Each structure stands twice: as C-alpha cells, then as structure tokens.
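Structures for review follow.
Shared chain: chain A. Partners: chain B in the first complex, chain C in the second.
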Partner chain A sequence: MKSKIFPIILFIIFTIVFIVFYLGLKNSNIYTPEKNVEENIPSFQVKKFASKDIINSNQIFNGDNYYLLNIWASWCVPCKTEHKYLMNLSKEKNIKIIGLNYKDSSKNAKIFLNELNNPYDLILSDQDGIISIEWGAYGVPESFLIHKNNIIKKIIGPINQKKLIEIKGLIK
Partner chain B sequence: MSSSIGYYSLVFGLGVSFFIFFFSFKNFYSPLKFDSKIISFVFLQFIFVIISFFGLILSFVNSDFSNETVFNHSHTSKPLFYKISGTWGNHEGSLLLWLLVLTLFIFLFLLRSKDQPKQYRILTVLFQQIIIIGFFVFLLKTSNPFNYIFPVPKEGLGLNPILQDPALAIHPPMLYLGYVGTSVIFSSALAAICSNYISKLWAQHVKEWVLISWIFLTLGILLGSIWAYYELGWGGFWFWDPVENVSLMPWLALTTLLHCILVLEKKPILTSWVVILSISTFALSMCGTFLVRSGILNSVHTFANDPERGLFILIFLFILIFLSFFIFLFFYKKDTQNIKSFFWLSKETSILINNWFMMYFLSVVLIGTTYPIFLEVISSEKISVGPPFYNMLIAPFLIPFLFAMAIGPRLKWIKSDIEGKFYLLLFLIISIVLSLLIVKNLDINFLLNTILLTAALYLFFITLRDFVTKKSQNLSQNLAHFSFSVLILSILLNNIFSYEIITNLKINESYKSEKLKISFESIEQEDKQNFKSIVGKFVIEEFDGDVETMKPELRIYNQPNIVTSEADIKINIFHDKFMTMNYVQNQDYFNIRYQLKPFMIWIWISTIMLSVSGLLSFIQKNHEK
Partner chain C sequence: MRLIKFIFIIFFIFNFNFLNAQTENLNNKITKNLRCLICQGQSVYDSDSEFANSLKMLVEIKLNEGLSEKQIYDFLKNKYGDWILYNPGFSKNTYFLWLLPILMFLLGGAIIIRLFIFKKK
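After this line comes the complex of A and B, so read on.
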C-alpha cells in the first residue's frame, strides 16, 4: 500500500507544477501593467517630420475625433511587431494616428516606413526626446488614445491583437 | 540560398529519425549483434544538422537579411567574430546548437559504447531520438531559424551590444555541451533501467559522460559569471538571478550524481539515487530552457518571449518527466540483496550526508526561483527573491557540508576508525584560531562568519596536507575538494573585505574618503567600428601610498542604439580594483562606482581548477582502460 501512495503523490505534484507553469505562461511578465489615466494632453510645439514646419499641439488634436499618438523609432525592435496592428488600425475611419518619431535619424525612419508602409496620418519628429518626456512616456513604443483633449488610454509597450481590439471597442 | 539549404537539411535530418527507429526496432528483436546501420544513420543525422548549422553561420557571415533571424540579430557593421557568434546569440540559433550537440553526443556515445550490451545501446539511441525529434519539431514549428522575409531589408537590427563580448561568445556553447551531455545520461539511465543493466559496469561506462557534462557545465557557468562581472557593471559575479540559478540547479544535481556514480562504480549501492539523479539532472536542464525561453521569468537573458514556444517546451518537458517516471515505476527493480546497513563512520555515509546537503541546496535554489511564479499565478502578487534569502538559507548549511567534505574522503569504505587521525584535530584548532584573527576586528556577524571561515580553512588545510604527503591516491578528488575550499574561501573573504564608493563627479573634481581620493582628470572620445567610445581618466590615490589610474569606458552603439558601460578592472592576485562610470541625465556629472574586491581572481582560478580536476579524473579513467 505504501509503495502505491508515493507515486500517486508524486504524480499529483507534477501535475500541479504543470498547471501552475501553464497558467504562469499566460501572465506576461514583460511590461508593467497599463494605466488608465484621464488627464489633459500637454500642449507643445513640434516639428513636422516631413516638412520640418513647426506646428502647435492644439492644431493637431482638435474636435471630437479620436487620435492615437504613437511614439516610435526605426531602431526599436518591438515597433516592428506592432506595426501591422497600426496598419490595421489606420483603416478605421474615425481615428487618426499621429506618429511621434523618437530620437531617430530621419533617413532610417524613412526607410522603415518605405519598407513597412506608413500607417500615420501625421508624423511629428522628437529628435531630443523632450516631447515624449512631457507626455510621461516610459520608452518606445508607447501609445496614447486621445479624445476631446483627454488621454483616455495609455498603452505601454507594443500594441498587440488584444490591445487593438480594445482600442477598436473604445472608439466605436 | 544557404538558408534554404539549411532548412531542407533540417527536414531531412528529422526524416532520418524514422530510419533510426525502424532499424533499431528491427535489430532489437533479432538475435544478430548490433546493427552498424544505426550508427551510420545517426551519423547521417548529425551531418544534416551540421550542414544546417553552417548554413545559418554562412547567412550571418554574408549578412543575408532575407533570413529573419539574421535580420533581427545582425548588422553589416558588426565585426566578423560577432557575426559568427551571433549565430547562437539568439533563440533560434541557440536551439539549432542544442540540436547539433544532441546529435553529436549520441553519435559519440555509440562510438564509445562498443563493449556494452546490445539492447542497452539500442534503447539509449531510441530515448535520445525521442529528445532529438522533440527538438526538431520545436525548431521547425515554433522557432525556425530560416524564416524568409520579403521584401529583403537593407540592414539588420543588430546584436544587443552587451552580448558582443568574447566570453559571451563561447559561454552558450560551453553551457550547452554541459546541458546536452546530461541528455545522454538521461537516455542511458532509462535504457539501463529497461534492460536491467544498472550495475557497476554501467556506472563505469556512464561515468565519462557525467564527467564531460560536469566539466562543460562548470566552465559554462564560470564564463557567464565572468561576463556578468565585467560587462554588467555591477561588480558582482553571482546575482542569484533566475537564469543563473537555472544553470546552478543541474550543476548541483550533476555534482551529486558524480559522487553517487563514484560509489556505484565500486559497490552496488545507492542505485536509486543514481537513477533518480540522472533523470532529474536532465529534467532540470530542460526546465532551465523552459524558464529562460518562455519569458515566464524576467531576467538579463530575456531572449524571446513567445508563449507558444514556452507551451511547447513545457509539454515536451512533462512528457519526458512522466515517461521517465513510468519507466522508473514499472521497470526499476531494487536489488534487495545488496542493501546492507552502512556503518555510521564510513565513506558511504559521508557521501550520503553530502547528497542530502546537496539536495537541500538544490531545493533552496529551486524554491527561490519558482516561488515567484507560483505566487503570481495563485495570488497575482509580484515578488522577487533576492540574495538575502539564499545567503540566509545556504550559508549555515555550508558549515557541516564543508566538514563532511574534509573528513569524508579520509574514511574507508564500509568501516573506519579514527586512530592515527589526530592531525584532523590539530588542523581544526589552527583553522579556528586563524578565522578568529581574521574576523576579530570587523563589524560583521561574528559567529556565523567565524565558523564558516573555520570550516573553509579546515577543508583547505586538510586537502593541502594531502598534496604534500601524497597520501591521497585519488588526486582528482583531492584537487576538486581543494579547489572548492579555495572557492568558498575567496567568496567569503571577498564578501567580508569588499568596499565600494559611489559618487557623482565632474571633470577636474575629486572625492575624498577615509581610505582614498578619486580625481576625475579628463575624458576622451573616439569613434570605433560600430560604437562611439567615451573613456574617462581617473587617478586613485590610496593613503597608504598606492596610486592607480583607472579608465572606465562608455560605449554608445549605433545599431541598435544602446549605451553600455565597460568597467576598467585592475587585477592582481590579492584584489581587483573595479571602476565603472555612467551618464547622469542632462548634466556634466558622471556617476562613478569604484570597488575594491579582494581575492576576486581566486574565484575564477578555483573554478578552473575544479574543472581541471574533472578533466584529470576523465584522463585517469581513459588511461586505465
């Protein structure tokens, strides 16, 4: 009898370990949990990426439209993975995607967009990274969903399928 | 081109498995002797994997960015050496390396087991094939190193600069040789259970694989540790980081296994230990791969974080565990004839005691590493387990462990008495006095440190005496225990006597403490092949007259854009002087970190000696044949 209990216990232990590891896999450990913040967007002046004209922030975010401010760079690896979701999102009518090109050389950024297509309605350039600091960004990529001059959602890290569906739900 | 060759040769390699299975089964039930076709097919499989591996290396060397792996991890401006080492510096390539070593080892196993029973050899090949197929499928399905991208990018994303380092270029292959070596032990243990061949003969045969894995694992861990010491810029050599722990666990299990095999080689006892340890060593290696590659843990090694990959390894790992579990239950027959109670004062008991201590250390590390995962799943609370946990739980138990290491080898098999061993007492007294002198005036935990030092010194003296008197017949064992005592001693003294200064300095400023003065003299910039280098010049005057110039460096890599800090280390046999600098955001100040680390080099030297002792034992074994 004793010799049978031991294997059964061991078997149960292994099974529990398996289940815990399996569940652990689903909690991604990589990014800090996203914050839901309702706050006014900072106002700033910024150079346009294409023409190098200076533009004021209240000229960009106006009215009832939804905006997604996406901080990106060509050297940033996760930006590549989120790119296809941005392309997908750019097909939506009621959202404008604003790219903020973070500490990047404009040559590399152009190559990046030529290769992977351009999902942005407008691209701003943030050579020294100061605007991103004003927005309270943790790093690249990072995205802010904006409605009526409020940040209604902040996404730290790359956009994925789940986040994309969430954004689409919010702007409906 | 080389990518498609690589891919197809992988597919062919998987196909060969089918033939190996076919001929193995055919041969297994036939009365004929071992079929050499099996060896040929195993060799063929190895050749296919090697072609595939060279295909990947070639893609890296040619910077063929149509290959996704190359695109993600290489860059044209990288030096050739790092292009090549980039091959295994990423998830896909490193798995290909795993597979390469797996197939190489089973081929070598067949070559070196010609005098073993036929059924045992065939079963080993079969079990190894199960593992090999698992890895083939894993590679092809979830982490294909030969994925094609179109349109072809003009430039790659670059290898993470902190991985661009000579120690790190050979660290993964070393570690893998160790990890994968345990797979051979695993397969052959299962085969030996099935064919009822757990015996002295088997122990003598499998010992060389245990030794090989152990040597490589030791060196692999050492290289990783050296790299962490000078590259990560924290000035430590072991951080109890989950990934380090994951390599330490198989090492502990393997070390225990090595001792049990040494016993089994002489006398048919401890067989259950050997079998269970053989299985768990490999399970722990696989578990390590799982924990690192699935992204379930956060650490310096976060490579690829793809839950699909994690799931695959997890399922595969548990299939292997359950398989070995059932084989153990159904086939393993305990040889009851040989179970005699050991006399309490004998070599066996002291090895058994050490086994239990090893198991204790192993469980501490295992719990410390996996507990955060369990906690997060059950209560979604995030914690991380740090060095205090390990120090507190491991240090006190090191004491009896060290004593057992000192006395154990001096006992005879089965039964000993303590006559004529009064020198044991003499050395004990010397060690106590010495450690009291060392610890006396220091502001540290007096009792624990004194006893720990005593135990380490005791082992040191006793093993040293054996070198001098040449009484020990077993040189490799003595060298191993001696090196271990040096390792523990240098870690202890390093811990006790280290000090560090952290401060912010501008050019031409200086910092004074009780012991020394640091002056920031100047700064130089230079453009290198794939990074910009900023070198600071510091003069350190110690008030006892010692003057040293230190030049820590900052490297700003262009692809990808990352700043790394290169420590300047001045090494001599008594201490290391270690200095790093870092930017302070938007200011002229640099953050300076200066450390004096006594006996640092002895930590490396003793670990190398430890591997040498393993090598020595390996040579002795082959010499006897």
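After this line comes the complex of A and C, so read on.
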C-alpha cells in the first residue's frame, strides 16, 4: 500500500507541473507594465524653458482646468509625428498644454518649435530626466492628462488621431 | 598586548575606508536591484540608456536626501509598480514565487529520506 502512494504523488506532481508549463506556453510573454499606481500628480520644482526661472509645480497645475503634460524632445522622431495633434489640441479652450522638454539642448528645441509651431502654453525644462521619473515616465514622447491634481489618463508613446479623439472626449 | 593594539588600529583605519565607500556601495546595490524598464534583461546599473542614467542620478539624490534603501524602493514602486524591482516583496501576487523553492526543497528532502534512509531499514 505504502509503495503505491509514492508513484501516485509523483504522477500528480508531474501532471500539475505539466499543466502549469503548458498553460504558460500559451500566455503572451510580452509584459506591459501595470497602469500608474499613483494617481496624484507629484510635486516638484522645475526650471522654465524660456526664462530659466524656477517654478513650483503647484503654481502650474491649479484650478479646475484640464492640463496635458507632454514630455518631448527635439531629437525624438515620434514627437514630430504627434506634433500636429498637439497643435490641433491647443485650439481647445478648456485645456492647457504643458511641455516638458526632456534632455534637450535649448537651441535645438527652439529650432524645433519655430519649424513646427508651438502648441504649449508653458514649457518646462528637464535636463537630467529626473522630473520625468517623478511622473513615472519611461521616455519620450509621453503625455499625462491632468484634472484637479489627478492623472486621469496616461499616454505612453505618441498621440495619434484615435488618442486625440479620446482626449477631446474626456475634456468635454 | 602589542599585537592586539596593532590589530585594533588596523581595524580602526579600515573602518574609515568602509564609511566612505558605504553610500557608493548602497547606490550600486540599489541600482542593481532596479530593472531598466525600457531595456531588455538589464538592470539600471548595467544599462546606459537615458532612462537608466536618470534613475541612477535620482537614486543618488534620494540617498543624499537621507532616504533609506526601502524608502527608495517604495518611492519607485509607487511610480512604476512592482515590475521595477528585481527582488519583489512578499505579497499576495508573489507568495507562490517565494514559497515554491522552499516547497521543492522540502519535497526533494522527503524523497531522498524515503529512498535512502527508510529503504535501508
């Protein structure tokens, strides 16, 4: 009797292991990070792009207005493709677009804006990328839709037509 | 007695050395335990991407501000989720991960005991 229990247990273990691995095979192994856990916007001090004055984050995001924080850089190619959608969005009255210039030279950034126009109400400068990390960003381009000091939508990658419509729907 | 004094002095001097190297070591230890989220299979310490470089600077700043290792992990976990840590904490999502090796070890031990010790009797 005793000798029979052992093979049975072994068989059960192997079956369980087999099932786990078999199901694991079918799972996608591309991991998409979870949605941002923290919904409140971080507080930080940041330099303005144009005047280099230091400004506090609570001076920027106040009131009931909608804000779109867009992280961009002149060296980032997808930023160019999303630029026309930002221009389109800047025509909306109840949203302010805040640009966060990520690890960029101010000369190149100015050329970029002169060429493609400036959709931003205010541009901040993030020379070493630390403020982007405070926001939980991965890189450029990335956008955060903010309402009443809460992040209501996070867009990783460039804004496209579909996402533009989504944003417009949210801010109505 | 002289020897003891000598050893004591050596020990004392080496302690200073350790004091200086401590923040650097802690910085490396923390960045080695952080996953570079935009690279493949690299830690922040190993990577030279923009994201990793910023994160290294941030860890240094936070250490200088006097935050502990755990506080820095919590801070980053808040921003990026558990995935950023190579050594995730014990939670309802990870208990299987943590307990499985122990379970395997016990099971293996049981098999060995059964095969070799009980058989002999």
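The rule we apply is simple: the second predicted complex is superposed on the first by the 134 of 172 C-alpha atoms of A that agree within 3 Å, B and C clash if a C-alpha of one lies under 4 Å from a C-alpha of the other, contacts with A are read in each partner's own complex, and residues count from 1 in each chain.
Definition applied: a contact is a pair of C-beta atoms (placed from the backbone, for glycine too) under 8 Å apart; a residue touches a chain by one contact, two chains touch by 3 or more.
The structure displayed is predicted, hence computed values, not measured ones.
Within the superposed three-chain model, A:78 lies out of touch with both chain B and chain C [touch as defined at top]. By the touch criterion stated above, A:134 is placed in contact with chain C alone, chain B being left untouched. Of the two partner chains placed by the overlay, only chain B lies in contact with A:111; chain C stays clear of it. In the superposition on chain A, A:22 makes contact with chain B only, not with chain C.
Touch criterion met: A:11 reaches chain B, while chain C stays clear of it. Taken together, the two complexes place residues 103 of chain A in contact with chain B and also with chain C. Against chain A, in their complex, chain B makes its touches with residues 72, 151, 153-155, 157, 290, 294-298, 302, 305, 307, 310-311, 314, 318, 321-322, 325, 329, 373-374, 376-378, 380, 559-561.
Of all residues in chain A, only 6, 13, 31, 33-34, 36-38, 103, 128-130, 132-136, 138-139 touch chain C in the complex they form. Every residue of chain C that touches chain A in the complex is listed here, in rising order: 37-38, 50-51, 53-55, 57-58, 61, 77-83, 107, 114.
Chain A makes touch with chain B in their complex at residues 7, 10-11, 14, 18, 20-30, 75-77, 103, 111, 115.
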